[in-house]
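Input: structures, listed below.
You will see two complexes here that share chain A, one where it goes with chain B and one where it goes with chain C.
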Partner chain A sequence: MKIDNLVNGVGEWLKGDGPESGIVISSRIRLARNLHNFPFLTIADDKQREAIEEFVRTQLESAKLKPVMHYLPLKGMTALDRQVLVERHLISKDLAQSDGTRGLFVDETESLSIMVNEEDHLRIQSLKSGLQLHQGWEEINALDDQLEKALPYAFSAQFGYLTACPTNVGTGMRISVMMHLPALTMIKQVDKVFHAIARIKFMVRGLYGEGSQAAGEFYQVSNQISLGKSEKDIINEIYNIIPEIIKYEQTWRKKLMVDAHKKLEDRIFRALGALRYAQSISSDEAMEMLSAIRMGITMDIIKDIPLQTVNEIFISTQPAHLQKMEKKTLNMAERDIARAAFIRKKLAGTAS
Partner chain B sequence: MKIDNLVNGVGEWLKGDGPESGIVISSRIRLARNLHNFPFLTIADDKQREAIEEFVRTQLESAKLKPVMHYLPLKGMTALDRQVLVERHLISKDLAQSDGTRGLFVDETESLSIMVNEEDHLRIQSLKSGLQLHQGWEEINALDDQLEKALPYAFSAQFGYLTACPTNVGTGMRISVMMHLPALTMIKQVDKVFHAIARIKFMVRGLYGEGSQAAGEFYQVSNQISLGKSEKDIINEIYNIIPEIIKYEQTWRKKLMVDAHKKLEDRIFRALGALRYAQSISSDEAMEMLSAIRMGITMDIIKDIPLQTVNEIFISTQPAHLQKMEKKTLNMAERDIARAAFIRKKLAGTAS
Partner chain C sequence: MLCERCQKKPATIHMTEIVNHNVNQDIHLCAECAQKEGMAAKSQFSLAELLSGFMEPIIGKMVKEMSDVKCPHCGMSYLLFKTKARFGCAEDYEVFRKGVEPLIEKMHGSLYHKGKVPTKINTEMSKERELRDLQHQLEELVKQEKFEEAVKVRDKIKALRQKAKEPKPPKNGKT
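Then we have the complex of A and B:
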C-alpha cells in the first residue's frame, strides 16, 4: 500500500451509504491496548519503543490477519505523507508529529487500522459510514481477538485493559460518531443539545479529535467513560443518544423548509454556485459551502450530486491531499487555487 | 405602443453593439426646447400645461415625424407604468412623479424620445449604444428640425434656445455618456479621473441622472455648460475626454490581468456563480454581480454570454419591470426572488 495511491480515492467509510448517512457521517470505535511485556510508552525510551514496534510488527505480520493489514512505518516518512494519513483520519496528529519508531497497520478499505506506539502500544480503530456501531464493533472485536492471540495484552481482572492514560482504562474503548448538524447550528440549538449530552457523560469535539474545533457544522459525539461498563453498554448508551440528536436535527430541517424555505434554498444553491465557479477558495470557506450542499443533498433540494462526491471533496481538498495530487509543494494561495480547481472538476457534469 | 409590450425587450441602445461598448454603455443627447407662444412651465398653471400638451401633441401628430413617434400620455397612467418608463431611461423621475398633463413621444426602437411638460415644454432625447455621439447628434438634429417646423421655438439670437433653467440656455444640449469603469473603481482611481473631468467643466453622475448615486461601477459623464459653444464643439470636447477615460480603464484592466489575474477571474466567475444559483437577490447585489460579469465578458474571461443579455438583465430586473413581467404587485422580498429567477432563466443555456 502506497500513500500516493491512497490520495486517489476515499476510504469505504466515506462512501456515504451507511445507515442515517444524511446526518451521521461516520461511526468510529477505538480500542486502546498495551503489551504487558514492555514498559508503557510514558516511560519507554527510544530503544524500547523500537523493540515494541519490531515485536508488534513481526507478530502481526506472521499472524495472517483478516482482513489483510498493510504496514506503513512512520519513521522516515515525509511530513506530507504523514499529514495525508491524518487527513484521512487514519492516524492522530500526535502520531504524525511525534518522534521515534512508530507505524500504522491499515486494511485496503481503510475501515480497520492500528496505530503502533501512539499514546498506547496499540490503538485499534474501526471506521464505518453512517451509524454502524454494531457492525463496527463486530469487525474491531474480531480484529482485537486475532491480536490478542498474537500479542500478550496488559489486562487486569479488576480494571480491565490497562492503558497509558487512566481515562482509557477498562474497555479502552472510545466511540466517536461524526454528525452533520447544520440546522441545529443555524438556529443556535447545538449548544443546548451538547449540554444535555455532557450531563450524561458524553462529549462533543471537532473533526480531528481532542482539542480540535468543531468546524463547518460537523461534530463528533464521544463517550467520556470507558471503565465500569461493558463495550456493549457503551454502544447501547450512544445508540440511545444519537437517534435523539438526528430527530432533533430533522425536526428543525423540516421547520426551516416551512418557515424559511426560500432562504434555505438560496443559501444551498449559492454554496453550489460558489463551489462550481470559484477560482480560489480557502479551506474554511470550502468546508462551509460543502456543509451547505451536503444539507441540500440530504434534504433533496440538490439532486444528482452523490453524497460520496461531497465526502470525497472534503477529504481531497485538505492541504496534504492537494499537494500529493499536484505532486508539488503549494503555499496557501496556491492551495486555494488548486482546491477550487479540484472542486470545479468534481462538481462538473453533475447537473442539478 | 403599449407599456406591457415594452417590458419584453430592451431598447436598441442596450443591444451592446455600438462602438466601444465594452466600456461605454450608451451615448445620450438631450435638447431642451420651449415654445414662445406659451408661458414657461415654471409659471404655467394647470390649464396652460394642458393647453401646451394639447398643442404639442396635435402639432406633432399631424407633422408625420420620421421616425414614427408614439405618444404616451402620463396623466392617468399607473405609477408602475410610469416607473417602467423611468427604468428604461425614457422619462425622468420628475416627469414620472409630477402632476398635471404631460406625456412622452417615443419611437419603436426607443432611440428617440420627447418628454412633454417636464422642466421645459420639450425635452428631446437620443439614446445610442456605445460611443455614438455623432450618429446620435445627426438623428436628434433631424428630429429637432422637424419639430422646429411644427412648433414655434423660443429662441433668442443672443442667447440661443431659451430654457426654464438658465444652465440649459444656449444649445439646450446635455450630453451624457454612460461608462462602465470597474477596474478604475476597484483600484480607487475613479475619483482622480473625475476631478480631472470636473476641472474642464464636465461632471459625473449616477445611472439615473441628477442627484442619483453612481452605482455598480457605472458612471455618467456629462457636459456642464451649454452656452457659448456650438453643439459640435460640445460633442468634440466630450470626444476628447471619453477616449482618455477608456484608455485609462483599459490600461488598468490589463494591469489587473497581469498583477491579479486569478483574483480577478475569481471575482468574475463567483459573480457568475451567484447569478446562476441565487434563489433571491437584491437589486444592489445583482448590479454588483452584473458589473463583474460585464467586465468578464468584455475582457474575454467569460465567453458565450452576449453583452446584450447582461444589458437586458440590468433593465428587466428593476422593480417596475419585474412587477410588470409577473403581472402583480411584489414586495421587496418577492422582487428579490423574482429577480433571481429571471436572472437564472436568462443565464441558463449560456455555457462558459
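Then we have the complex of A and C:
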C-alpha cells in the first residue's frame, strides 16, 4: 500500500451509503490494548519502543490476519505523508507528530486499522459509513480475537484491559459518531443537545477529535465511561441517543423549510455558486459551503450531486491531500487556489 | 474584532469557557490582555495537566501515604503517575491499587470490568470458578455426611489443581 495511491480515492467509510448517512457521517470504534510483557509508552525509551514495534509487527505479520492488513512504518515517512494519514482519520495527530518507532496497520478499504506505539501499544480502529456500530463492533471484535491469539494482552480480571490512561481502562473502547447538525447549529439549539448528552456521561467534540473546535457544523458524540459496562451496553446506549438527535435535527430542518424556505434555499444555492466558480478558497470557507451543500442534498433541495462527492471533497481538499495530488509543496495561498480548482472540477457537469 | 478589555488592539485569542459542561460566553482578547488575565497559559493546558488537575482533589490525600510506593517492574513512582496521569506498565494497577481505585471509581462509577474477556484468560477464569463451585459442593457433602461422594469431589479438585500448577510460559522483554 502506497500513500501516493491512497490520495486518489477515499476510504469506504466516506461512500455515504451507510444507514442514516444524511445526518450521521461515520461510526468509529476504537479499542486500546497493551502487552503485559513490555513497559507502556509512558516510560518506554527508544530501544524499548523499537522492541515493541518489532514484536508486534513480526507477530501480526505471521498471524495472517483477515482482512489482510498492510503495514506502514511511520519512522522515516515524510511529514506530508503522515499528514495524509491524519486527514484520512487513520492515525491521530499525536502519532503523526511524535518521534521514534511507530506504525500503522490498515486494510485495503480503510475500515480497520491498528496504530502501533501511540499512547497505548495498540489502538485498533473500525470506521464505517453512517450509523453502523453493531457491524463495526463485529468487525473490530473479530480482529481483536485474532490479535489476542498472537499477542499477550495486559488484562486484569477486575479492571479488564489495562490502558496507559485510567480513563480508558476496562473495555478500552471509545466510540465516536460523527454527525452533521446544520439546522440545530443555525438555530443555536446545539448547546441544548450537548447538555443533555453530558448529563448521561457522553460528550461532544469537533470534527478532528480532542482539542478541536466543532468545525462547520460537524460534531462527534463519544462515550466517556469505559469500565463497568459491556461493549454491547455502551453501543446500545449510543443507539438510544443518536436517533433522538437525528429526529431533533430533522424536525428543525422541516421547520426551517416552512418558516424560512427562501432563506434556506438562498444559503444553499449561494454556497453551490461559490464552490462552482470560486478561484481561491480557504479550508474554513470550503468547510462552511460544503456543510450547506450537504444539507441541501440530504433535504432534496440539491438533487444532482451525490453525497459521496461532497464527502470526498471534504477529505481531498485538506492541505496534505492537495499537495500530494499536485505533487509539490504549496503555501497557503497556493493551496487555496488548488482547493478551488479541485472543487470546481468535482462539481462540474452537475447543474441544478 | 477588537479586544473586549482594552478596545484598542485586535482580539487574537478567542476562548469558550466551559465550566461543568455549561458553555459560558465566548471571550475575545488581544494577546496582551489575555496574558494579564492569565488566559494565554490557560489555553495551552496539556491533556496530562488537565487530567492531573482532575485527579488532585480525589487522590491528593493519598500522596503522603503512597509517596514511597514505586513499581518494582517498571520503576514508576506513584508521584510520577500523579503528574503524568498515565501508568508505566500493566503491573502499576496492582502496585498502586490503593491510590488508583478512588480515581477509577470517580471516572467510571465502577471498579469492575463487565466487558469482553480474552479467550485465554476466560478459560483460566472459568477454571477458577469451577474450582470454587466444587469446593462448595464438597463442604455441603461433608455437612450431610455423604463421605463417599465427598471423596470423589475431593479427587476432582485435586486433579484440577494439579493441572493449574503446570508451568506457564515465561515473560519476555521486561526491564
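Everything that follows uses one rule, which is that the second predicted complex is superposed on the first by the 352 of 352 C-alpha atoms of A that agree within 3 Å, B and C clash if a C-alpha of one lies under 4 Å from a C-alpha of the other, contacts with A are read in each partner's own complex, and residues count from 1 in each chain.
In this text, a contact is a pair of C-beta atoms (placed from the backbone, for glycine too) under 8 Å apart; a residue touches a chain by one contact, two chains touch by 3 or more.
Here the structure is a predicted model, which means the values were calculated and not measured.
In the superposition on chain A, contact is made by A:Ile337 with chain B only, not with chain C. Once the two complexes are laid over each other on the shared chain, residue contacts for A:Gln220 go to neither chain B nor chain C. Contacts of A:Asn311 after superposition: neither chain B nor chain C is touched. When the two structures are aligned on the shared chain, A:Ala198 is found in touch with chain C, with no touch to chain B.
More residues of chain A lie in touch with C than with the remaining chain of the pair chain B and chain C.
Residue contacts after overlaying the shared chain place A:Lys229 against chain C, while chain B stays out of touching range.
Of the two partner chains placed by superposition, only chain C is touched by A:Tyr153; chain B is not. Across the two superposed structures, the residue set of chain A contacted by chain B and also by chain C is empty.
By the touch rule above, chain B contacts chain A in their complex via residues 262-263, 265-266, 269-270, 272-280, 337, 340.
Residues 34-40, 42-43, 48, 51, 55, 119, 141, 144-145, 148-149, 152-167, 169-171, 173, 191, 194-195, 198-199, 201, 210-211, 225-231, 233 of chain A are the ones touching chain C in the complex. On the side of chain C, the complex with chain A involves touching residues 21-23, 47, 51, 74-76, 84-90, 93-94, 100, 103-104, 107-121, 125, 171-175.
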